[in-house]
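The structure under discussion appears below in the form of structure tokens.
Per-chain residue numbering starts at 1, and chain names A, B, C and D are given in the order in which the chains are listed.
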Amino acid sequence: MISFTCDYNVGACPEILHRLAETNLDQEPGYGEDRFCESAKARIREAVGCPDADVFFLVGGTQTNSTVISAMLKGYEGVIAAETGHIEVHEAGAVEFTGHKVLTIPSHQGKILAEELKAYLERFYADEAYSHMVFPGMVYISFPTEYGTLYSQEELTRIREVCLQYGLSLFIDGARLGYGLMSRESDLDLHELASLCDVFYIGGTKVGALCGEAVVFPGGNAPAHFFTTIKQHGALLAKGRLLGIQFDTLFTDGLYFRISRHAIDMAQELKSIFHKAGIEFYIDSPTNQQFVILTPNQIESLRKEVLFEIWDQLPDGRSVVRFVTSWATTKEQLSRLEELLATC
Amino acid sequence: MISFTCDYNVGACPEILHRLAETNLDQEPGYGEDRFCESAKARIREAVGCPDADVFFLVGGTQTNSTVISAMLKGYEGVIAAETGHIEVHEAGAVEFTGHKVLTIPSHQGKILAEELKAYLERFYADEAYSHMVFPGMVYISFPTEYGTLYSQEELTRIREVCLQYGLSLFIDGARLGYGLMSRESDLDLHELASLCDVFYIGGTKVGALCGEAVVFPGGNAPAHFFTTIKQHGALLAKGRLLGIQFDTLFTDGLYFRISRHAIDMAQELKSIFHKAGIEFYIDSPTNQQFVILTPNQIESLRKEVLFEIWDQLPDGRSVVRFVTSWATTKEQLSRLEELLATC
Amino acid sequence: MISFTCDYNVGACPEILHRLAETNLDQEPGYGEDRFCESAKARIREAVGCPDADVFFLVGGTQTNSTVISAMLKGYEGVIAAETGHIEVHEAGAVEFTGHKVLTIPSHQGKILAEELKAYLERFYADEAYSHMVFPGMVYISFPTEYGTLYSQEELTRIREVCLQYGLSLFIDGARLGYGLMSRESDLDLHELASLCDVFYIGGTKVGALCGEAVVFPGGNAPAHFFTTIKQHGALLAKGRLLGIQFDTLFTDGLYFRISRHAIDMAQELKSIFHKAGIEFYIDSPTNQQFVILTPNQIESLRKEVLFEIWDQLPDGRSVVRFVTSWATTKEQLSRLEELLATC
Amino acid sequence: MISFTCDYNVGACPEILHRLAETNLDQEPGYGEDRFCESAKARIREAVGCPDADVFFLVGGTQTNSTVISAMLKGYEGVIAAETGHIEVHEAGAVEFTGHKVLTIPSHQGKILAEELKAYLERFYADEAYSHMVFPGMVYISFPTEYGTLYSQEELTRIREVCLQYGLSLFIDGARLGYGLMSRESDLDLHELASLCDVFYIGGTKVGALCGEAVVFPGGNAPAHFFTTIKQHGALLAKGRLLGIQFDTLFTDGLYFRISRHAIDMAQELKSIFHKAGIEFYIDSPTNQQFVILTPNQIESLRKEVLFEIWDQLPDGRSVVRFVTSWATTKEQLSRLEELLATC
């Protein structure tokens, strides 16, 4: 079977495994105070162009979202997200578990619009009863979004302006950050992205690591005692070296960007294979997640040899299906898919 | 420098690294639905002698404690622990963060006594105002304890009886389980331990793994939808294979027990080195954590080459100091410590 | 000024004040163990036709909602509500504060539809990723709704059937229960309503009391140790007598229903005044809340002497405005309003 | 039966009932925006000598404690209290329910000592692992304490100094504040008390009101949007007038202090009755709670006509028993008790 189900279905970049083996018996302190974490933080500060940035390594995405969001919100505040946002839909209520409401606004293929955000905030403060309501305290967006789409620099800048106007912090979920930045359609680099938000994370789990997300507060603006908050949320890894080594490796010699670009190249190839096969696209995604529309017959036929996720059902009986490439996708896998598509 | 600070200061057993490399490009589903997790669960069920056991893999200890405790308690219940228990002291309030109180009873070198537990419960239900108080719903103990001590089969049986009498569940924190079971002074094996509690976990992080704790509900008595609760608590690893591979390896051919026994052998050797050097013991620990009393001069002298943790200050100016062995401790490290002790 | 802003803008029924004065120096136990609470519970059990019902007195509506909902949900569950539901909009995130998500479905003038509820549940369980999502555990509806509308017996029965089919409990927020039951358009009485849900409350604050809501578990199905949960949520009144006396009075000789009917009569009169004045209705409400559409000039003119709430802005510049009657509304107030409407 | 069980076993001061009746049909806004609340706040600001104080009215003590504490603590902080503190023992875990740990230090007849508080804080920050622990963020004390004892001005000043040194806020639970301030042994007045803490509350429930506690932030230092936090915690009374009227009345013409003094006078009389009867005191309390030691025979005999609370059991078979006076205690009740004591 060939799997295009997701970008976390294999292990790690060989470079990471190599480095883990190499350093395995070096004795280092726990909880992220090891020299690997130190080095990784220095490399990330340089990569994001923020010498004063605070950097923390957490283990997974849902954990990172709920820890960052609850640490940055006041008790009476909630977080605004697209109604398709990961925190709203697929995190089992992890944000609410910390006591905060997710406030939703419309999603446009996964993205929110600055003008709709602004309208939401205007309506909120115009409501006579707003002091009986959850205050918006933060905006959460994902880059790329859950639908593989990207914010342009202009779109992000305008969202940021609305946030500043209303005193909201802006948090970018970068679980697939590399696949966004390396997209040919992205007009944002890592420096620019860092300058346009209050906090973001660089996803490792989906971009070459066994696990791990690097949270960056570009302005050195981490909440006080954020280390203790991470511990309290069960998000502190005892062997922090596991995260330090991985991110140190990913940010050595541009590995993170190189493997992200590979996934984008594979996605481009995938798109062209679908085009050639006459498959309809559900969304025009410039990143590593591709959403196409298949008939029941096509699904049945492909599934004998290929794994992918059913995303949604259309009224006409066809299905929206997600195919995902990653740093580990091979040309051979794509060729085989092409052959199969030709016969179904 | 040689470090005896803790049992999580190096990487993983070579067998684990080997297995990670070997399986690295196998495509597998995420979130613990991979074949490695399946295999690991089967091996653990066999090792604990409970064919119906529910097994879940989480990433770290604090996370596991707060997830298990909050999933098993009712909203109005708290968890009883020794006043030195890890959840009471060193988890940054992770249990309280989930809304539950830790109810403390006295610690005897890290252990609670069945009779004191019983007295606590009798007093609680004798109090006219008990409905205004937090109901005891669970007992938390650690095996070995935070002081390296062990419950005997009889002690554990009596605690279990009190729990049954008062309708409390019994949870055993096994972050260092291997080092307890493999102690020469333990009269409990894994089957017996599993039969004497409602839930426990088999620590991986401190016993040979990069990360990971295997939660076991021996009677198949996991709370409903515990998977979703794990996700909600940010404790679900996307690449569950990382945990599956590690535990599958640890429970193949008795590796977990073999490396645990090695740490115990090293601890025995360490004890005899301290004895020979005339160092006073603070606690007579049968496991891999040893607590000795050093003078300021001894500490200063040793610290040039050896790392260890200051545990407590004594009124006479000396310090309680913790030395920890692990699966990775070498005879060479011990020999060097012996030489250094001879000169300080 | 005459106020139609809400149904909690004056004190209490004279009968209640009289009874408070009469019993003022009687010494009684605290926390709801007084004889007034006992008597009130007996009267309520009789009024709802459930001799085994568990009855608890809480102080206010938001408090009651969050206490009941969090006590009845499992940790991984959320509560389904109309997107206009009070718990979703105007309780400052009190439900999320207890760790639970509010799951919204469309609102039809404040009501949810059984078929849309069912569709939501079908979609949830059809989703391959549902174990990563918040489980629906309860349905919350209000009777009357926030828009003054009512569920018919058939509508409520069908919602109940869906709940039973999917294992959800059904909770009815009865903050204005009397005004619903006494509406001429209601085909439900208190016995029937009680038989169609798992828990509901009889609103006192908005129906003649100084404060207080009577929570009823018709089947004696209160969660274990609900008293302690109430205390934990800060919702236990020390002088429980204050609640007992009020509900005992309200449920003596049908006072609760009589004063509710008065508010309905006044609302009917109010409607006819608006009709005569040619005012457009925004919703056809059969209860004590009336929503009409006023021009800016009408609003400006009326506001010199009359208080009411602006509910929403229409695109054409007019406003949706809420007028509320209560047990205390007088014919004089309505007559004056009629005069004013004639001149604006 | 005569009850000395507590200070909340009757209704309210006649002045309050009178005022409630008098204002009953005045239409006023809800949620504390009425003119009674406004007036009451002005009177309280004057009584505490803090013209800029923020004042909020909540309904009960446990609710007030958990709302204030959780609003003022950061997420990673806990609150220090005596191990006998009300929040630690008798609030069903309401503080933990909001996610915060109660950190206990020794109790000396209900009081904490500045030097022990300081020692606790020194130990905390000297601990190498303190970042893995709950940070102390606030000190909670009660005045009078749960044992009826009082802090002197010097004791309170020294506690305050330690708080300032370590950046902790100081919160005084004044559920029985009047009975403390009016004690003949108190060397603190309300101005001084207000100047020595960051927040405190003036208890109404136990001092003449039907319900209600007035939270005072002397320096106008209420947390941002505290109104919304109150709502979120289910602690906002819709008919805020009920609280406004009561506190306005209590702080008119010194009523609060006059009735408090009456309770103290009755307590003095009670003490002298016990002395005359040769009853042993458990604590020498200068306030309205008296703790005496009775034999089983005395208890059995008295209980035929008198209600009181068993507080604790002594090893010799006798019991610690609490007798409480209040604003409503009468000389007749005391005389009857004296007669009964003479015969048992």
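The rule is simple: a residue touches a chain if its C-beta (ideal position, glycine included) is under 8 Å from a C-beta of that chain, and two chains touch if they have at least 3 such contacts.
Fair warning: this is a prediction, and the values are worked out from it, not measured in the lab.
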Label of the chain whose CA centroid is most distant from the centroid of chain C: B
Chain pair with the higher count of C-beta pairs in contact (B-C, A-C): A-C
Between chain B and chain D, centroid-to-centroid distance (C-alpha), Å: 42
Interchain centroid distance [CA atoms averaged], chain B/chain C, Å: 50
Whole-Å separation of chain centres (CA-atom averages), chain A against chain C: 42
Chain D: positions in contact with at least two other chains: 75-76, 91-93, 97, 99, 131-133, 228-229, 231-232
Complex interface listing, chain B residues touching chain A: 1-3, 5-6, 8-12, 14, 17, 20-21, 23-30, 59-64, 66-67, 91-94, 97, 205-206, 210-211, 228-229, 231-239, 241-242, 307, 328
Contact footprint of chain B on chain C as seen in their complex: 31, 70-71, 74-76, 99, 131-133, 135, 224-225, 227-229, 231-232
Partner chain D, residues of chain B touching it in the complex: 75-76, 78, 89-93, 96-102, 128-129, 132-134, 309-310
